[in-house]
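Two complexes come next, and they have one chain in common, chain A, joined by chain B in the first and chain C in the second.
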Partner chain A sequence: MKFFIDIGRNTLNTVRGVGGASIMLFQALVGKPQPRKMFPLLLRQLYVVGVQSMLIILISGLFIGMVLGLQGYTILVDFGAEQALGPMVALSLLRELGPVVTALLFAGRAGSALTAEIGLMRATEQLSSLEMMAVDPLRRVVAPRFWAGLISMPLLAFMFSAIGIYGGFIVGVQWLGVDDGAFWSVMQASVEWRHDVMNGFIKSVVFAIVVTWIALYKGYTAEPTSPGISAATTQTVVYSSLAVLGLDFVLTALMFG
Partner chain B sequence: MDNLVTVEDVYFKRGDTSIYEGVSLQVPRGKVTAIMGPSGCGKTTLLRLIGGQLKPQSGSIKFADYEINKLGRNQLFNVRKRMSMLFQSGALFSDMTVFDNIAFPLREHTDLPANIIATVVKMKLQAVGLRGAGNLFPSELSGGMARRAALARSIALDPELIMYDEPFAGQDPISMGVLVKLIRSLNSTLGLTSIVVSHDIHEVMSIADHVCIMANKTIVAQGSPEQLKQEGNPLVHQFMYGEPDGPVPFHYAANGYNADLLGGGKP
Partner chain C sequence: MEARKIELMVGIFISVAIAALVFLAMQVANQSSSTRGETYTLYAKFDNIGGLKVRSPVKVGGVVVGRVASITLDKEFFEPVVELRISKEYSGFPETSTASILTSGLLGEQYVGLEPGFMDDDIFVLENGDTIYHTNSAMVLENLIGQFLFSQGND
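For the complex of A and B:
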């Protein structure tokens, strides 16, 4: 009996959470646009959320590309197909690893920071005091961070893929001796703009929405105590990682299945 | 008497815990109204209800001509431009200087040019004695200074009502004296109406025109400080004179002491 009660309660809580998160996002984004006030806030958040995440994204991308080059070469060379290394590296990065690993790193680097920052603003009554000053914290605090996440994650995913391909090039061509011309020309012939690049882009936009949304909602509704904020930060990373991996399967099935 | 805020028969629950059962009180315009009561009786909650951050389950809360608990989101934000609140922590924005903190509501709600905003900010800072501290960040201020800076921010838009949440909590005697003087003098010079939530009886009694005592989920007495000192209610008496035992018991509810000690030492 208790089992059924738990199922019911968890379902209700989940539905309530999704509903609350949707209302939060709606109230944050829908309303009279105020470009003069919003733009400086957005720029600042783009710097914090996007530019400051660049280093970890670039370094991870380089290493993942190098590993792909190495692993791909050892498999392909057995079949005499090492010219296919270019497309293999490029396609795995553009279609999968670029958007997915960027989203996971972004959740750990920027998402957790967003949650902790907003949770602390709630704990120190800064959000309440904004409300009492007749400034809507959803428009002022949540909205710019959401747009910043949405804009920066696809760009970061492209940087990840680009530097990853370069990493594959370093290992495959310069170290293991795959033919330079073959590496690039086979890649150019087999990567399609719409099918590969655009689908990767759509994936990273979806992940950007999900990760930023979870991070903002968890921060905004965090219990204003130290254990509450630490739990919210953990939940942000766990939930967004799971959501990214689950959604990635769904999107891959729809796009390439 | 003309009342700026009227709270009528408010019932409020947080989760399953009932906080208020039929609270009614009046805040006369232009006066300092103190709300006192034992800690944990929900004094801060009352301020949040008046500010519209919480909604009561039943009853009505009126500010000027508006029924706060019935307003929509946009109307509520409009009404809030006429009131302000000094939070217990000060709630200064930690990423801005004191100057920018005080300029913040002006920049948000007015189209004044920068030099006029600077003038207004300096006047507000002068009023709380912090004109020299405009360039400091909140982390560089002492607790008392942070609260004064927050006070300057809350009067930036010249509100009609200002609500102080425990303004004296954790202050040394000097800054307490400064705050007492500021609350009283701002109220008279700016023609404000003030609500002070506190349990520092002597400080509050010295500046309040009207006092409400809250206990047992309702208002047990209200009136002028002199009236309350004469009040026959034993609970009010206990509170006003700080007696350790009385209607509010010293001991948290427990089984009989003897039975508990002889009962085998279970925790």
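For the complex of A and C:
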């Protein structure tokens, strides 16, 4: 008996959570556009969410590319196929590692900050005072952060892939001595703009929506206490990482399966 | 001052992202120019297509002129029919042309090699929707070994 009660309660809570998150997003995004008021807020959030994540994305992208170059070379050289290093590095970055690792780093760097910021706004009743002044906190606080996340993550993923490929080039060509021309020409022969680059872009847009949405919802509904905000921040990182990895499998199966 | 700094940093952020995108577009990806623009379709029937795949290249003398658009099985004769989508830029192949399934390198991908045939007064030019009748199927290693063993046994 208790077992069924638990199942029912969990199901209802899940449905309620998804519904609440959808209503929050809908109310934040749908409405009369106010470009004059929104643009400075969006710019500010682009700075916080995008620019401040840039350094970690660039450095981890460079190192992941270098590791791919090194690992790929030691395996491929056994088959005498070290020219295939270029496509290996480029395809694994563009299709998988670029969008996924960017989303994971973004969840840790920017998502957790969004949750903590909005949760603290709720705890210190800043959101309530906005409502008192007839300012919709969903439009003023949530919407610019959502758009900023949606815009900056695909851009960050492009940077990650580009600098990762450059890292693979440094290790493969300049250190281990793969032929320079073969590295780029074999890469160009097997990477296709629409099939590889654009599908990676679609992936990173999907991940951007999921990660930003989870971070904003968790912050907006965080319990207004210190442990509540801490729990919400942890949940943001855990849930968005799981959602990104799970969705990545589904998207890969749809795109490249 | 604060607002100016933010604008500057966001501007740099967007520029770096665009630079990354241009790098990916120019240096990393190919625009598959041979399949963009106007194309026409030819069909070729093979006995065996081996490892040919959709989007494999179609080459004439090593130059990519098109791609494999689809591979289906003929309902009547149970033969694989390969649909080749070839750039309009390269048209006017005579109907005596031969399509073969070849392999680039020892372990490389398989592609369709198109060999232009001779041209004469009563020979037509292949146009959209036509079928290439002269074809060479893919080499299947097991069949080759089988033939080799069979010929050895005859001695």
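What we mean here is this: the second predicted complex is superposed on the first by the 257 of 257 C-alpha atoms of A that agree within 3 Å, B and C clash if a C-alpha of one lies under 4 Å from a C-alpha of the other, contacts with A are read in each partner's own complex, and residues count from 1 in each chain.
By our rule, a residue touches a chain if its C-beta (ideal position, glycine included) is under 8 Å from a C-beta of that chain, and two chains touch if they have at least 3 such contacts.
Note that the coordinates shown come from a computational prediction; the quantities given were computed from them, not determined experimentally.
Once chain A is used to superpose the two complexes, chain B occupies space next to chain C without a clash. More chain A residues lie in contact with C than with the other chain of the pair chain B and chain C. The three-chain arrangement built by superposing both structures on chain A places chain B and chain C 150° apart around the Cα centre of chain A, to the nearest 10. In the superposition on chain A, no contact is made by A:Phe26 with either chain B or chain C.
With both structures placed on the common chain, the touch criterion links A:Val135 to chain B but leaves chain C unconnected.
In the superposition on chain A, A:Glu192 contacts chain C only, with no contact to chain B.
In the superposed model, A:Phe256 makes contact with neither chain B nor chain C. In the superposed pair of complexes, A:Gln126 makes contact with chain B only, with no contact to chain C. Minimum Cα separation between chain B and chain C in the superposed model: 12 Å.
Put simply, chain A uses no single residue to touch chain B in one complex and chain C in the other. If you check the complex, the residues on chain A that touch chain C are 40, 43-44, 46-47, 50-51, 54, 90, 94, 152, 155-156, 158-159, 161-163, 165, 184, 187-189, 191-194, 196-197.
Note for the complex: chain B touches chain A at residues 48, 51, 53, 73, 77-78, 80-81, 83-85, 87-89, 91, 93-94, 104-105, 108-109, 153, 157. By the touch criterion given at the top, residues 27, 37, 124-126, 128-129, 131-136 of chain A touch chain B in their complex. Residues 3, 6-7, 9-10, 12-14, 16-17, 19-21, 23-25, 27-32 of chain C touch chain A in their complex.
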